[in-house]
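Presented sequentially are two complexes of chain A, the first with chain B as partner and the second with chain C.
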Partner chain A sequence: MPKIRIDNQEYEVPEGANLLESCLSAGLDLPYFCWHPAMGSVGACRQCAVVQYQNEEDTRGRIVMGCMTPVTEGAIFSLTGDKASGFRQAVIESLMLNHPHDCAVCAEGGECHLQDMTVMVGHRDRRYRGLKKTHRNQYLGPLVHHEMNRCITCYRCTRYYRDYAGGTDLAAMASHDHVFFGRHDEGTLQSEFAGNLVEVCPTGVFTDKTLVGQYTRKWDLQSAPSVCVGCAVGCNTVPGERYGKVKRVHNRFNAEVNGYFLCDRGRYGSGYVNSDTRLPYPGMRGAEGRFTALNHHDALAEFERLTVGRRVAGIGSPRASVEANFLLRSLVGSDSFAPGVSEQEQPSLQRATALMRSTPARVPSLADIESADAILVLGDDVTHTAPRVALALRQSVRNRAYELAADMKLQPWQDAAIRNLAQEQRSPLVSVTPGSTRLDDVAERTLHLAPGEIAEFAFAVAAALSGGDSAGNPEAAAVAQMLRDARRPLIIAGTSLCEEALLDGAAAVAGALVSREADGTRAPMLSLVVPEANSLGQALLCGDDAPDLATLTARAEAGEIETLIVLENDLYRRGTGEEIDRLLDAVTTVIVLDGMDSATCSRADLVLPAASAIESEGTVVSMEGRAQRYYPVFVPGDERHSSLYWLLCCLKAADHKHFVDINHVDEVIAACASAVPALAGIVDAAPGGSYRSHGVRIPRQPHRYSGRTAMRANISVHEPKQPQDEESPLAYSMEGLNRDEPGSLLPFVWSPGWNSNQSLHKFQDEVGGALSGGTAGARLIEAAGPTTVPEAATPSSIDAATLELIPRPAIFGSDELSARSAGVRDLMPDAYLELSVADAKTLGVEAGDGVVLGGSDTAFEVRIDPSLRRGCVAYAPGLNGCIGLVPRSGVSLSMAPDWKRRDADLIARDGQEGSLS
Partner chain B sequence: MTELIPALSDSEIAAIDAEIAHVPYRSAVAIDALKIVQAHRGWVSDESLRAIARHLEMSAEELDGVATFYNLIFRQPVGDRVILLCNSVTCWIKGCDKVQAAITENLGIGLGETTADNAFTLLPVTCLGACDRAPVMMVGDDLHQDLDPAEIEKALSGEPNRD
Partner chain C sequence: MWEAIRSQLVTMWTILQHTFTRSETVQYPEEKPYLAPRYRGRIVLTCDPDGEERCVACNLCAVACPVDCIALQQATKEDGRWYPEFFRINFSRCIMCGMCEEACPTNAIQLTPDFEMCEYDRQSMVYEKEHLQIAGTGKYHDYNYYRVAGMAIAGKDKGEAKNEAPPIDVKSLMP
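Up next is the complex of A and B:
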């Protein structure tokens, strides 16, 4: 570690770092704009200027940019000298020439990096008296608000959007003081990661549009550490609340998971918490069929009456916490507890779980995924099934560039130089899917095959790797060679196609790579994408023998079930309408615990309103097997309670022997960990409720939280007592210290002088590194026990004559909760079916025509995807109209009678927008 | 799924393709392609820009970033001949203001404007590299040096001249 001198003080700094990073890591405040810990340096803004001296004798020194200056042994710098600080002040003053003085009405105000830096350099008085340059703003879609006058031309936005996230529809336009960052013409930003612009832009140019309409300043938001429940990646988030409404969601840094970025489903997918379809009160259906609202005491009494002493079965949910599922399973007994996924999904989910637990390869974290140097994607379009993984893969393919850079002794933060050096050279990514994917622009090769064929292809690759016969498949042989040449090969597959053999194939490839590892230099990885936030936790809880929905239906029809309890699950999304009707018809009583009204609620006798993940505490297990805890951001309103509360009360009323002495969330977690060995590690996901930071609970409110005594004055002038948090180590308070706690308990980032999210580095030992208090979450699946590798499996049969329904999930629409959030809902397409060119021709249909599925009368718009494998009919699960479609079923299609085409021009433009360049 | 009007002519496409033959990536000819279309049409409309972008397999944003960076790629219609009047240091010292006033008096247009008959557009430019003969301007492709405001008409006459 080189030693350098800054303003006569010696510092030991990390080898290969730049001076700006080193200063920040050392706790020195050096202003900057264009540098970003995840995107490196380009030296564009000139804000991080310092003076560097040649040697002891040099008294003049020269100005250098901190972010572009590597630290070397013995280097001498000055941050505070007049020359450096005068220069930095001048830079801000020049940026301010065109910057409006509109902080008071700017959505960035109070968490603006430009404000912070302006104060930091001490620039106070504006001397410029001329006109300011003004721009016209653009409509950029429902998620991101554009206010171009505030731009300081740091170029972070295009560097993030294009270079980092692979977007193509945002660019820097024009030159000198006309520079404009936006689209060629108005329209929705096409990247699924556009929302990160809100956090990346250091000014108020790009702000959160869903926040702007119901604005609250950062210092007035109450927040808590949370976990996104949009998919199985488990990104860490910080939702902010005011007046009982979720106002916005920010990224919560986790070095091993989401790093600095979320996807737009995650950032904008929490609006459902404010939705008017939320259930406020328990409801009991009377004899005349209508619901009567109950208070929670009466509701509990009904819950007990309908449960205790009856033959009860339960259906859990992969979107509910481990704890709630565990309690329901305890209440009804494991034989009568179904995990709550579709019949088609359940075997795939179980298979994926078993493979993750038995593979000799590493099940990678997102950070591991970013380190991969050869990638084989099998089946999933990950941008739509596990979005943040796709953003990570866009970084993995850059490892080739970093290798080239290392050969030339370029430090990895030399962003512009490295991009220039590598140009289009990338680490190889091969994508084998039914049709084109959003990652095709960085793929070396794409193959479009039916699900069963993908499985066969995977086994051919595995065979080629084991030195065997790749069944005369030269493509497979080439992929095998690519993986063999890599040091950190990664195989990704997913359950979205409901094809178990495909998962086996992926594991076989990963296994073959491990067994070929002679010199120990290769570290193969196997990542299996599961669909929902707690799918994996649910599979670990239920094991392989859990009944599926069909089994429960059969038992109900045999009269074995009187009361069915459904936990946070809309069953009509888990099977066909007839199947679910049969199940619900066959039981006497249906009890539903859920947050929002749903088709299943409409069939219930008793409905208990459940708190959302943002209003409760619980654990979910991500697709890498990481157990992560989320905490309530605010106390749920009306008579809502967490499912955990409702179920625990019922268990206690039933005098369940294991639960008489259990009162606290921590005790439920401990009970679950000891009852289910696969989940033993969940205790370590976060500290227990007794944890104190500096002797007190961690505050959810910043110390500037204002108006606490006034904000309910329209309801009552009496100030209510602050709610007490009896369960978690957090407090609904401004008192306490938000410092040094474990990463799993970080409620927000703020540090004196650093009001924006850039203050994060004050919570890291080393800028960009793990949080000082430790990385959140505990991995439950580490290579342990005996490992196995699947032998060839038989893929589900491919009948060339029929068309097969293929799920192709959509980031905006396939997830139930986010689809009910403003913003995401606006981006949800109408239901459609995608056909290959050949199949469309056979059927005599064109894009924009309407078709009906044999046997039903819902009409779908036809889209033609030239990349789609013949025989596949793709649909996006979850879209209105697609609910109840059976994945992988054979279908026949016919022209829809009375179909009215949409405007031809609209269709043409949609098609054009959707395809990348 | 394409624009309803074919925005590039066959000869434009042929000229662009000839450039593409010399480079590793299609997008590398972005500037040449813009110049080719501008030579054919006088300027680059939004439709033309999108058509070029498609032909080069770039997004419209990527190409527009290039097009708008250069002030000699015209993204708005210009007159038959563009007057590029230098207003950089040397020409300023040598009286480009008076030249500009003379043009305005003569044609009735200020900087950034086009005459009603669409014959001329007047634009400022920063140094034409002929400082030794300042003040200077270009009219179409012709350089006019040692300008005398009194004789500006002479410089403005002469045939439209494009290649």
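Up next is the complex of A and C:
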């Protein structure tokens, strides 16, 4: 580690870092704008100027940019010298020449990096008396608000949007001091990661549009560490609440998972917590079929009456916590507990779980994925099934560039230089999917095959890798060669196509790679995408023998089930309407615990309102097998309680022998860990409720939280005691210390002088590195030793003459909860079916026509996707109208009678928005 | 010693003199003292010179308040203005320190010379926006925040605020 001198003080700094990073890591405040820990340096803003001296004798020194200066042994710098601080003051003064007088009405105010840096530098008065330049704003869609006047031209936005996230429709435009950051034409930003602009832009140019209409300053937000339940990636988040409403979601840094960025489903998908379809009170269906509201004591009594001593079965949910599922499973018995996924999905999910646990390859974290240097994607369009993985893959294809840079002795943070050097050279990514994907622009090769064919292809690659004959499949041979040449090859497959053979194929490829690499210099990785936040946890809990919905239906029809308890699950999204009706008709009593009204709730006899993930504590297991804990951000209102509470009360009422002494979340977690060996590690996901940081709790509210004596004064002027948190180490108040706690307990970031999210570096030992308190989560699956590699399996296939229904999930719409959030709802398309050109021709339909699926009478709009494999009909699960479609079933299509085409104009405009400028 | 006696006498003399000055104490409430406009009493929300609600719901008064007795929620009007959907002051907590007024960037919140706010019921000390908002400009007659801010609202487009140049035509290549 080189030693450098800054203002006559010696510092030991990390090798290969730049001076700005080193200063920040050493706790020195050096202002900056354009540098970003995840995006490196370009030296555009000139804010991080320091003076560098040649040697001891040099007294003049010269001004250099901290972010562009590598630290070398013995280098001498000054941060505080007049020359450096005068320069920095001049820079910020010029940045502020045209800055509007907007802080009061700016959604960045109070967490604005520009405010912080202005104060840090000491600039106060605008001396220039000329007119201020102004810009017009653009409409950028329902998620991101644009206010261009506030721009300081640091270029972070375009560097993030184009270079990091691969977007094409946001750019720097115009010339000289007219530069404008926006789209060519107004319209919705096309990237699925556009929301990160809100956090990346150091000013209020890009702000969260869903927040601006119900704005709360950062200092007034109550927040707690949470985990996104939008998909199985398990990104760490910080939702902020005020007045009982979730106002916004920010990223919570996790070095091994989401790093600095979320996807837009995660950032904007929490609005469901405020939705008016939320259930406030328990409801009991009376004789006349209507629900009457109950208080929670009566509801519990009813719950117990309908459960205890009866023949009960339970259906869990992959979107509920491990603990809630565990309690329900304990209540009904493991033979009567279904994991709550569709019949088509359950075998794939079980298979994926088994493969992850047995594969000798590493099941990678997102950080591992970013380090891959050859990638084979099988089946999934990850941008839509596990969005944040796609953003990570966009970084892994850059590993080629970093290799080239290393040869030239360039440091990884020298962003512009490395991009210039590599140009279009990328690490290879091959995508084998039924149709085009959002990653095609960085893919070296794309193949469009039907699900069964993808599985066969995977086995061909595996055969080629183990030296078998692949003469019949040159593509497979080429892919095998690509993987063989790589140091860190990565195979990604997913359950979205409901094809077990495909998962086997992926595992076979990964297995073949491992058996080739006995020397240990290479680290093959196998990542299997599962659908929901806790799908993997659910599979680990249930094991392979859990009954599926069909089994439960059969047993119900045989009269073996009196009461069916459904946990946080809308069954009508898990099967066809008739199937679910049959199940619910066959049982005497249906009890539903859920947060929101749903088709299943309408069939229930007793509905218990469950708190959302943002209002409760629980553990979920992500697709890499990482158990992560989320904590309540605020106390749920009305009569809502966490599912865990309802179920634990019921278990105690039933005098269940294991639960009489269990009263605390931690005890439930411990009971679950000891009862289910596969989940033993969940205890380590986060510290228990008795943890204290420096002897005190961790506050959920920033120390400037305002309005405490007025917030609820309209209800009563007598202020109640702050709610007490009996469960977690966090406090529902501003008292305590947000310092030195483990990463899994970080409620928000703030540090004196650093009000914006840039204060994160004060919580890291090394800027950009892991949190000082350790990375959140505990991995439950670590690479097993060499095991048997799956044999070539026969993929499920249907009659070649019929069309096959292929699920092609959509980031906005396929997830049940986020689809109920305002911003996401606006981006959800109407239901459609996608056809290949050839199939459309055979059927005689064109884009915009209507078709009906054989037998049913719902009509779908036709879209034609030239990339789609012939014989596949794709639909987006979860969209209104697509609910109840059976994945991978054979279908016949016919023209819809009396179909009205959508306004041609509208289609044309949509098309135009899609074609990126 | 003599010095001390002198001091005593001077003091007594001074006090004696006060017997003949006019008393500052008045027979309140029959008689009311003059309170300067800057006096820190009951808080109001004012309007700008055009008669529009001044408060932009920036939350600065709330955060400046040492007893945390101001709570409000921002919302956006049709015309683009930010405004408080509700604005509440719990006067049973307020210490009339005037920090809110000092923090307010729009001159919306002002303290007035009215201090007579006694109530039998503490709950009546909770004032909502309709109790706080007045129609006039209060002490500051000319200031209109939106005339100097860069945010466009109906009737004031980009480039029309004080000291602003017309919006840039980004498509132009002229220097």
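The working rule: the second predicted complex is superposed on the first by the 902 of 917 C-alpha atoms of A that agree within 3 Å, B and C clash if a C-alpha of one lies under 4 Å from a C-alpha of the other, contacts with A are read in each partner's own complex, and residues count from 1 in each chain.
Note that in this section a residue touches a chain if its C-beta (ideal position, glycine included) is under 8 Å from a C-beta of that chain, and two chains touch if they have at least 3 such contacts.
Everything numeric in this text was worked out from a predicted model, so none of it was measured.
Once the two complexes are laid over each other on the shared chain, residue contacts for A:A171 go to chain B alone; chain C is not touched. Legend: residue contacts after superposition of the two complexes on their common chain; A:L131 is shown touching chain C, with no touch to chain B. Shared-chain residue A:E424: touches chain B; no touch with chain C. In the superposition on chain A, A:M711 contacts chain C only, with no contact to chain B. Contact with chain B, but none with chain C, is seen for A:D185 once the two complexes are overlaid on the shared chain. Partner contacting the larger number of chain A residues, of chain B and chain C: C. In the superposed pair of complexes, A:S690 makes contact with neither chain B nor chain C. When the two structures are aligned on the shared chain, A:N8 is found in touch with neither chain B nor chain C.
Looking at the shared chain after the overlay, A:T59 reaches neither chain B nor chain C.
Counting contacts by the rule stated earlier, residues 173-175, 180 of chain A appear in both its interface with chain B and its interface with chain C.
Looking at the complex, you find that chain A touches chain B at residues 168-175, 180, 183-185, 424, 908, 911-912, 916-917. Listed in rising order, the residues of chain A touching chain C in the complex are 100-105, 109-110, 131-137, 147, 149-150, 173-176, 178, 180, 212-217, 219-220, 242-243, 704-711, 713-714, 716-718. Residue ranges of chain C in contact with chain A, taken from their complex: 56-60, 62-63, 65, 67-76, 82, 86, 88-90, 92-93, 105-106, 122-123, 125-126, 128, 145, 148-152, 158-159, 161, 163-168, 170-173, 175. Only residues 1-2, 4, 25, 46, 49-50, 53-54, 57-62, 64-65, 68-71 of chain B touch chain A when the two sit together in their complex.
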